[in-house]
Amino acid sequence: ADDLTLQLKWVTQAQFAGYYAALEQGFYEEEDLNVTIKPGGPDVAPAQVIAGGGADVVVDWLPSALAAREAGLPLVNIAQPFVKSGMMLTCRKDTGITSPDDFPGKTLGVWFGGNEYPFLSWMSTLGIPTDGSDGGVTVLKQGFNVDPILQGQADCVSTMTYNEYWQIIDAGLTDDDLITFKYEDGGVATLEDGLYVLEDKLEDPAEVDKLARFVRASMKGWKWAEENQQEAAEIVLENDDTGAQTEKHQVRMMGEIAKLTAGSSGELDELAFERTVATLMAGGSDPVITKVPEGAYTKAVTDIALK
Amino acid sequence: MIWVIAVTIFWIAALGVNIRIANSAWGNTRAGRIFVPVLFGLTILIVWEGLVRGLQIPAVILPPPSAIAVRFSESLDILWMDFVQTFLKGALSGFAIGCGAAFLTAILIDRSPFLQRGLLPVGNFIAALPIIGTAPILVMWFGFDWQSKAAVVVAMVFFPMLVNTVQGLKETEAMQRDLMHTYAASYWQSLFKLRLPAAMPFVFNGLKISTTLALIGAIVAEFFGSPTRGMGFRISIEVGRLGLDMVWAEITVAAIAGTLFYGIVTLVEKKVTFWHPSQRK
Amino acid sequence: MRSIIPILTVVAAIFAIWFVGSFFMNKQWTLDQAERAGTTLSFSEVLADTMTQERPKLPTPIQVFDELWETTGAKVLDGKAMSKRSLIYHGWITLSSTLVGFVIGTLAGILLAVGIVHNKAMDMSVMPWAIASQTIPILAIAPMIVVVMNSIGVQGLLPKAIIAAYLSFFPVVVGMVKGLRSPNAMQLDLMKTYNAGQFETFWKLRLPSSMPFLFTSLKVGIAASLVGAIVAELSSSPLAGFGGRMLSGSYYGQTIQIWSALFAAAIVAACLVGIVGVIQQLTLKKMGMAQ
Amino acid sequence: MGGGVSQATVIEAKNLDLTFQTNDGPVHALKDVNLQINKGDFVSFIGPSGCGKTTFLRTIAALETPTSGTLTVNGMSAEEARKNRAYGYVFQAAGLYPWRTIAGNIKLPLEIMGFDKAEQNQRVERVLELVDLAGFGNKYPWQLSGGMQQRASIARALAFDADILLMDEPFGALDEIVRDHLNEQLLKLWDRTNKTIGFVTHSIPEAVYLSTKIVVMSPRPGRITDVIESTLPRERPLEIRDSAEFIEIAHRVRDGLRAGHDDNA
Amino acid sequence: MGGGVSQATVIEAKNLDLTFQTNDGPVHALKDVNLQINKGDFVSFIGPSGCGKTTFLRTIAALETPTSGTLTVNGMSAEEARKNRAYGYVFQAAGLYPWRTIAGNIKLPLEIMGFDKAEQNQRVERVLELVDLAGFGNKYPWQLSGGMQQRASIARALAFDADILLMDEPFGALDEIVRDHLNEQLLKLWDRTNKTIGFVTHSIPEAVYLSTKIVVMSPRPGRITDVIESTLPRERPLEIRDSAEFIEIAHRVRDGLRAGHDDNA
């Protein structure tokens, strides 16, 4: 069997259920692959791991992958299991926010590390300054959780439809207390959770074949997970090393994730790619990428995998 | 390969020079004492540069010092802004509050052996609470701005400072105390004329430990939420986009600021505890 | 032993303040919830709620110790001591890298100190940089160390141990340099009158006189090593150990979990320091230096 | 006897007992000590190491508390006398504060007792002169030899001019010539000011030369074995040490000492 | 004179000069020192504090290097003599290693010089006996009184039986009775073994009682002002100290001392 290591972007959770499902259901084995899945964490940069040779394939978001590419690390998207973005801003209604027009003067929690650019370009399309000047918003670098909105330190925080949003609900706020703004709706959604490899890997046909088998098995895993959500969540729980996840939360997350992967073949949608690039290049005074990336994705792998 | 060999040769040569200088009469002059460590540092930088180039280590893993220097000089304004936020606002204020409070607490509990016996072990226990756990809690309590960073610093420096000061206040010799006793000196007289001066070497020990803790505490706390500036903020976002040259530029600022801070405290210590045997010769 | 009562008093006082703190910090949330639900609560209802919230701003000691028991003692009784939900499992992960790191850091520290004491060039060049090295935020370089070690094929325990060692070597260097230099002029002169070599002077004079300093720095060093191991866990994969627990607790807003991991870490630190203390007592007694 | 100017009792110990509790069991440092010291007396304590000389001096200074028995100083309890700053004490080691200059060290008691600045400076000048250290006021203790430090500590005890002076082997660290010189100075001071002096020494000639009363002590338990009243005149040139009377007193002291020493290896 | 057994020169200093460089400028510790010490001599050095006694002894031991002049020990340079372990040295303070028992401390030089285990134990026994510490071998230094510690340090210097013994105020911390006793013991040892001894003291009677040659020194700069050859016989009971001859030598030493002392406050 061929060895292959996959580095996740985040900790073990249903966000990555497809890969764990493929592993546990033997889909990788069927493709003669011996896959190791490495969970990530907030202090793990997948791009750095792959640069150091610690992984063959990484799960990453397009903004940070493109940023890494500009920094000199030739990451290439080989497949895109997520077709929709799950990122949104969640605000408390009692702050008086009913639409993005109410943002000025408010404090917003934003995830950085590449994810701030969609936000910044969104604000710049809305004409709201983010540099602390009058009539603008105050931006906070949000940590790993939703405390700022619970403690009232921020009026809105970044959330994922499948995760942080439910943490707010679990903490005791209700759907009615909250109002959400999806990045999709603002037209600034970026491609999340794609599979990336280093460019030189694609020069070797044998490697490409291996990757194709990997993508094929992974997509099979994703489809299986979409159909068997309860079991998929349980598989995730078994693989969680921190022992901190709960079944309730993972089952719910699996349901939300399924909405984002639904209908995906794994093939990258060029339009979505170009939209993301446009968003990132528009972003504020210090854009994450300065020139249109060349060769940042390839269809070579999915072409074989989906044959 | 050429690079690696060149680097090795250079290293050995530089080390040779250093050993020579250190053992010569020059090594005892002020210039020598500055030159030797500087040459040592330069050697490390050049070896680093050579290895990164020679082994073609990708810049996204370890950038060469030259790239860091370029980034440093191009980003002075950002670095300065971050420095003000993290060091001047977060670390310094936390250092002042934490050390000041610990000093006063030490004087207060010094009168009560009961409190000392109870508070010091518990204090040591609390001091062992790792910052990684306390920082998110304090950020949750004190908000995103520098106040929470100062709080983290206070939590980190309080007990090392307390333990050292309490220890220092005990550092008088029996005879020195007896002397005060023969003068029927009051509590405050013997505090100010005997015990505080005698405690100073220990107080400075605590201060020196606290300088490095303060900076690290303020930076690490920013990983758990911050406004959009600060050294920790910059490091964490630049890691996310593989701007490692900027990360190292910030680390450089941290190392310089920390060493200077330490050095200044050491200088003050020299002035204040000039009489202590460890400062003589 | 005469310290027991004072310690208990202080602990009791802290718990009292802690309970009061829990009440005031968690109160706002309780009141907000009630307001949203459109009910008003009596004081005792507020009090009861602040003591039992699921995601309190400040959990009460009871909640923390309940959780500690649930994840340690109760797991042992269930025979699941090494399950992933057991703090014993996570504690072991942290402890193993702490101990390996401590050994590496201590050995490196002692070697460096020996070099510094015996070689003037090393003395002059290394010390300022050792200080500078400790002002570097470890959290920033930990991921790089992990990645770099990874790229040369070192994985698992060792990268974490190296980071732990990085934090623990410094106190050992400082303490040992002081200790190895603690013999006074007369003690050194005595060795000279016997025409003893550097090696004999080291074994028979410098090393024994450095023992009290060594142990003091070992105590600091082992606590630092634990902190290093926890920091390293944030950038290691998979996320486990006390560091992993704190982070995932923080990530999911599980304050009780953070606090219990925090306390578990502090308890382990206290035990480690205590063990070094016992070894110190025994050694110094055997050497006749404890009176 | 000895031409004392006044005979009021200054220090009186009755059936004094002092036991230290140590890890190895109790140490009986003073047993059944009875002694009366009058105004103007110069009393030397002599005896083998560990016989309780220091302990007795410290008890007078209220630095130790007797286990039983009574002790009065100036008619009050030792503790009250201490609070009244009735005595100056010179410790066995100099014990100067290293962060103060010599002058600063001598000023220390003056500051505590609230003398004004001018008075302080004047007194510092005077006592520095007295112990032959004029000009060394601005040095720090570690810049002086052991003997000079010891003299500075004597100056410190003299500065505030207490009526009682308690000195624990003040001249132990000095060479014979300086010692002779300071012995002379001390005698002059005592003669002029009529202070009461308690003085611990190991040297028989020194004890005989200085004292009006020599207290011989013996260890385990620490007790007074002999009290020898000196028959020497109050006026004592150095040469008196070659006189037959001097040698005879010295012999008596040595015999007393040796008797107490037999059980002491 | 003095009935020396052999007259071979053991230590010879010619025009010895030693200057310390300090922050406050140079200190001229030894100036133009000339001295010859023969085999079997017992030489005492006496002089006011700071006159260079310790410095001279340390120079002989090659612990200090003279600035100019020549010094030979056993016909070789002082440094070579040190490498040959030609002497035992007793420091002004006991300086026992606290982590070793008394026996362990005495074994220290024996271990370094590579004596075998049995020999080590035997020697430890013997020298402990010699300084009256038999039975204390297993105690730690802090369990002994200052005087006992000092004796242990003498035992340590005697253990490896060097031909030369250099002692820097070895009895300074002892009371008179113990001191007398150890003086006697030392004389006996010297008489029996014919060692060459260099001995620093502050006590005139001690110097006179012990020595075949008394070197009087004077400070600033440190130099030898007088060398007095003793006319006392080699056999010396304690009572000899009351003899006219003794008193006469003591007077000579005191005069020499006082002469050098006049410029020294």
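Per-chain numbering from 1; labels A, B, C, D and E assigned in written order.
Rule of thumb we're sticking to: a residue touches a chain if its C-beta (ideal position, glycine included) is under 8 Å from a C-beta of that chain, and two chains touch if they have at least 3 such contacts.
All figures in this text were calculated on a predicted structure; none of them were measured in a lab.
Touching subunit C and subunit D at once are the following chains: B, E. Set against one another, B-D and A-C show the most C-beta pairs in contact at A-C. Between subunit A and subunit D, the centres computed from C-alpha atoms are 86 Å apart.
Subunit B and subunit E have Cα centroids separated by 50 Å.
Remark: subunit A and subunit B have CA centroids separated by 38 Å (rounded to whole angstrom). Subunit B and subunit C, compared by their mean Cα positions, are separated by 18 Å. For subunit C, the set of residues touching two or more other chains reads 57, 139, 143-144, 147-148, 151, 234, 247, 250. Among all residues of subunit A, those that touch two or more other chains are 42-43, 45, 48, 51-52, 143-145, 147, 151.
In subunit D, no position touches at least two other chains. Those chain pairs judged to touch are A-B, A-C, B-C, B-D, C-E, D-E.
Looking at the complex, you find that subunit D touches subunit E at residues 47-50, 132-133, 143, 145-147, 174-178, 202-204, 254, 257-258, 261, 264-265.
Residues 42-43, 45, 47-48, 51-52, 64, 67-68, 71-73, 112-114, 116, 138-145, 147-148, 151, 153, 288 of subunit A are the ones touching subunit B in the complex. By the touch criterion stated above, subunit B contacts subunit A in their complex at residues 58-61, 136, 139-140, 143-144, 222-228, 233, 236-237, 239-244. Contact residues of subunit B toward subunit D in the complex are 173, 175-176, 178-185, 189, 193-194, 197-198, 200, 273-277, 280. On the subunit C side of its complex with subunit E, the touching residues are 186-187, 189-196, 200, 204-205, 208-209, 211, 287-289, 291.
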